[in-house]
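The next part holds the structures, each set out as structure tokens.
The following pair of complexes shares a single chain, chain A, combined with chain B in the former and chain C in the latter.
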Partner chain A sequence: MQLFREKHVDYVKNLNTKTDQLEYWLTEHLRLNGVYWGLMALFLMDSQDAFVKEEVIEFVLSCRDPKRGGFGPYPKHEAHILSTLSAIQILKLYNSLDRLGSFKPDLVKFIKDLQLPDGSFQGDRFGEVDSRFVYTAIQCLSILEELDENIASGATDFVLRCLNFDGGFGMVPGAESHAAQAFVCLGTLSILGQLDKLTSKKELISSWLSERQVANGGLNGRPEKLPDVCYSWWVLTGMDILGCLDWVDHDKLRQYILSCQDDVTGGISDRPDNQVDVFHTVFGIAGLSLLGFEDLVPVDASYCLPKAVVATIKKFPYEI
Partner chain B sequence: MSSEMETESLNDYNWDDIESIPIKEEASSALCRIMYSEEYKQQLGYLRALLTKQEYSARALLLTDSIIDAVPAHYTAWNYRYNIVKNIDRDLERELVWCQEVAYDKPKNYQIWHYRSLIIELVESRGGSVDISNETTISDDMLEEDSKNYHVWAYRKWLVRRYQLFRDNIEDLTTKKMIALDVRNNSAWSHRFFVMLGDFGETRPETASETVEQEIGFAKIMINQCPENPSAWSYLQGIYKLAKKDLLAEKEFCELYAVGAGKSDQRSVESRFSLPATELLARIYEVSQDNSKASSLYSILGSKYDPMRRNYWEMKRQRLDSANSATVS
Partner chain C sequence: MVCLDGLLSIFQFCAKREKDALKIKNFNNLKNAALNRQFNETYDQTTLDLTTKILDISPEFFTIWNLRRDVFVNFVFKGRSDQEIHKVITEELRFVLATMKRFPKCYWVWNHRIWLLKYNPALTDWDFELGLIEMFFAADPRNFHAWQYRRIVLEGKMDLIRNEEEQPAKAIAKLNYREFQYTTKMINKNISNYSAWHNRSKLIEKLSESHPEEAQEFSSKYEILVSEIKLVQTAAFTDPADSSVWTYMRWLYTGGFFTTDIEAESFIRLLEEQVAGVKELAEIEKDENGEENLWCLKTLSLLLKELFLRTKEDYLREEINDLTKRLIELDPMRAERYKDFQRNI
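Our next item is the complex of A and B:
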């Protein structure tokens, strides 16, 4: 089997023309995230021209929450850290961070104000805490090149506290190990240049990640759970960051991801024969890129952006 | 629909003052427009308008109920609801009942658990108290539906930490029961580790060492039932690491279930084969300088028992061999 490249490009391109369908409205609270997922899938397939750049940038800017300074998922929604990262990633992909203009100081303040005394970040004023939000905030500040020592050490301490006895990471300290949390915690440490803080635990973490491959080649998120295409990303990224990508079987994983494609509509689903969506489409493609298959644009494991884009981001700690 | 929707309807309120902020229509061909979609779109329009006004009112509360019912992950609606509850004189007892109904109605909804903890904090900050056993019962019910529901377990840990339920009788029995039902339920193992050892180092040394011995025993009984279960082996090793105990003590136990070890050869090897036992035994051999035994275990794991991860096993074997030759020379 092969990657149905053109079908996937068409699938992503048509997502925004479905405004007459209920599904479109039920995902309004994820719209900006969805735009990033779609655009990133296109970038990896070197087909970014399928979206009209200026229209996308206009939409991003219209999602800004002027009261809070961050971005909501849709115009007039409250700002949240997840949609804020999508906005920043999209602008970065288009090399258009300058379009933030005078909004930038409020944006940076919005993100920094979400950090709590224990180093974690809440997603918005609702106060939910999750290592996901730490990663999201740290990536935002990294792309904006606004990290500082204080923020970095707090975030590092917090994600290290999320590391469990089995070598996995949880949503908060003590919570069960989950592959998605391994991605965000390792991604945070990688972006902050703090991977050496893991010291002797690296091998246990790598081993836990490699145990996620199941007999059919797919990867799961926790022991005894079903495989799912998006874990190709959550698990592989951690392994790539720790330099042990070859501890799972690449060919079997490739076969699994490809078997989740819809050969009629395009798009990729979580498991074979399920309904496709843009989320699993981008993470399936990104997984294949990380494994070096299908001649895709190389992706950076810590940022989920093309390597060429990440190369333009100033590395932390910044030189004075 | 949750209960308030049955007794109250959005139409009971007057919305004439609200100019629903519509969404710019993008080239809609309207071929298969669904009624429900229109209704939901209108509610989103109201939500935008009320948010802009920062209106805290009964009708706004009801609107969030309706939107959360349609889209449980709508975090703007959750955030807004919390602010409404704080700002109007909402009966918090009723709010907790509402939470419970939403949870039972939409088991996959995870924002509800954070929301519930916020309401409990609000109750307590106002000098009230909640019945913890009720919280336990609700999460028990949820776990009966889905024994690996990540956010319900996270909520349960929040309860343990907040109310200091470490080694509490109910938590002990609940995790034992769940593990008995499904010995491979990793969530239950994770919870038990937290309940039993989550405050390790803060307790009296006697309590700590007593718990450690007891839990090592428990893990081994469960391993006897299902030797290939990785959760129980992780648990066992986690305790050893936490208590800084020497794993050498488990050498004979591992030999019962590992391939290539003397004892298991007398059993029906294939049926008792345990990958975690074999890996741990190899590690024990390694620390006790029994390098050739360790090396042959790594080699058989990669070639025969776990070929998907052959590079991992090969790395371990090679590292050992090069360390070997370094000491010889």
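Our next item is the complex of A and C:
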């Protein structure tokens, strides 16, 4: 089977035309994230022109929450760290961070103020803590080139405390392992240049990740669970970061991802014959890119941005 | 026939669209009214009612949960006594429970509940929450959210103990031990409850630092290890196909937690016994199923490696090499991992 490239480009392009369906309106809380997923899928297929750059940037800027300085997922929604990362990623993809202009100081303050004394980050002012938010905040600050030693050491300590007996990572210290958390924790350490803190646990973590591949080639998120295309990203990235990408079978995984495509509408779903969505579309394509298949634009495992874009970000620790 | 089917589905599609159009209009009216009120910081009963209606349709709408909390803090709770506020919170917890039952996997709903419990922790009925978790476990004993929620509830209980008890360390150790026994109960009910094994590993780390007097098995790391080996050994023979047992066994022997503070000779003896145990099980499995149990082989190679690192006996290296060959043959998807494993010994 092949990647239905043109179909996927069309699928992403048409996402914003489904305004007569209730589901469209019920997913406003994910809209900006959705724009990033769509745009990133297009970038990986070298088809970013399918979106109108200026329209997208205008939409991003309209999602700014003026009271808090961060970005919400949709105009008038409250700022959250997850939608804030999507906004920054989109601007970075378009090489348009300068469009933040005078908003930048408040934006940086919004992100930094979310860090708690134990090094973790809350998602917004109501205090929910999750290693996902640590990763999200660290990537935001990395792209904005606003990291510092204090923020980095707190985040590193917190993420290391999320490591479990089985070699997986949890949402918070004490929580059960989940593949999405492996991605965010390893991604955080990678962005901060702290992977050497894991040396003694590398084999254990890599083993846990490689156990995620099931007989049909797909990857699951936890033991004894069904495979799902999005884990092609959460699991593979961790393996790439740890340098053991070859510990799973690439051809079988490629077959699995391709079998989740919809050959009529375009788009990729979590499992074969399920309803496609933009989330599984981008992570399926990103997984294929990481494995070097289908002649896609190379993706960076730690940032989920094209390698060429990441190459322009100043590496931490910064030289003085 | 094909055409008729096609026509029918088009009619249904149009009907859905019309219905959707109405629903969309209704939802967007509610949403716009609420967001304007949030922007203007209008915190009153009308705003509260709007959030109730919206969250009933769309519990993922986190901005509206935030608005709801703003209304509570700035309007509903204003000028009320602690007891009165507690009454409101109890009422709200009921609303949340109803939403949780409909959307058990929605993060924001669980968050809202936690926010309510922590608003005035001294008045919170933490044991009621533990009872609630039992209800979720009855439906699915591996409910990820429920296990995480259980840890948060216990943390809440412990914070209270820290503030109120004269000897908090003792009371907390007791609570941890009770949780440890709870994992034993859950594991005995169903050996493949991975969440319970996970929680057990966390509790052991805590209890080895501080445990109540009656917890004899925690008197030393050696004692803990021996009693855990007994449990995991029985579990492995009960359900050798389940990965949680093998993951736990790996942790016991290779995790690093037990190797410190245990005499080298004692540890080697335990390793040798375990190698014999797993070999025996591997034979039984092969006889019964006509094929190798991969978990047995994988675990065996890890145990042999630990043994080899301590004794440097050549025959162990040969055994590991043989095992690696078989693993590569039986589990080709992870061939490179086994090769790396062999190379790095």
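Convention: the second predicted complex is superposed on the first by the 320 of 320 C-alpha atoms of A that agree within 3 Å, B and C clash if a C-alpha of one lies under 4 Å from a C-alpha of the other, contacts with A are read in each partner's own complex, and residues count from 1 in each chain.
In this section, a contact is a pair of C-beta atoms (placed from the backbone, for glycine too) under 8 Å apart; a residue touches a chain by one contact, two chains touch by 3 or more.
If you're wondering where the values come from, they're calculated on a predicted model, not measured in any experiment.
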item: Joint occupancy of chain A by chain B and chain C, clash or fit; value: clash
item: Which of chain B and chain C A:Thr17 touches, first, second, both or neither; value: first
item: Which of chain B and chain C A:Ser207 touches, first, second, both or neither; value: both
item: Which of chain B and chain C A:Glu78 touches, first, second, both or neither; value: both
item: Partner chain(s) touched by A:Gly267 [first = chain B, second = chain C, both, neither]; value: neither
item: Touched partner set for A:Gly69, first chain B, second chain C, both or neither; value: neither
item: Overlap of the chain B and chain C footprints on chain A, listed as residue numbers; value: 20-22, 25-26, 28-30, 72, 76-78, 80, 124-128, 164-166, 171-172, 174-178, 206-207, 210-211, 213, 222-224, 244, 246-249, 252
item: Residue numbers on chain A that touch chain C, as the complex places them; value: 20-22, 25-30, 72, 76-78, 80, 124-128, 164-166, 171-172, 174-178, 200, 203-204, 206-207, 210-211, 213, 217, 222-224, 244, 246-249, 252
item: Complex contact set, residues of chain B against chain A; value: 21, 23, 25-34, 36-37, 40-41, 44, 48, 51-52, 70-71, 73-76, 78-80, 82, 111, 114, 118, 148, 150, 153-154, 157, 161, 184-187, 190-191, 193-194, 198, 230-231, 234-235, 237-238, 241-242, 307-309, 311-312, 315
item: For the chain A and chain B complex, residues of the former touching the latter; value: 16-17, 19-22, 25-26, 28-30, 72-73, 75-78, 80, 123-128, 164-167, 170-172, 174-178, 206-207, 210-211, 213, 222-225, 244, 246-249, 252
item: Chain C to chain A touching residues, read off their complex; value: 17, 20-21, 23-24, 27-28, 31, 35-36, 38-39, 57-58, 60-63, 65-66, 69, 107, 111, 114-115, 144, 147-148, 151, 192, 194-195, 198-199, 201-202, 242-244, 247-248, 250-251, 254-257, 332-334, 336-337, 340-341, 344
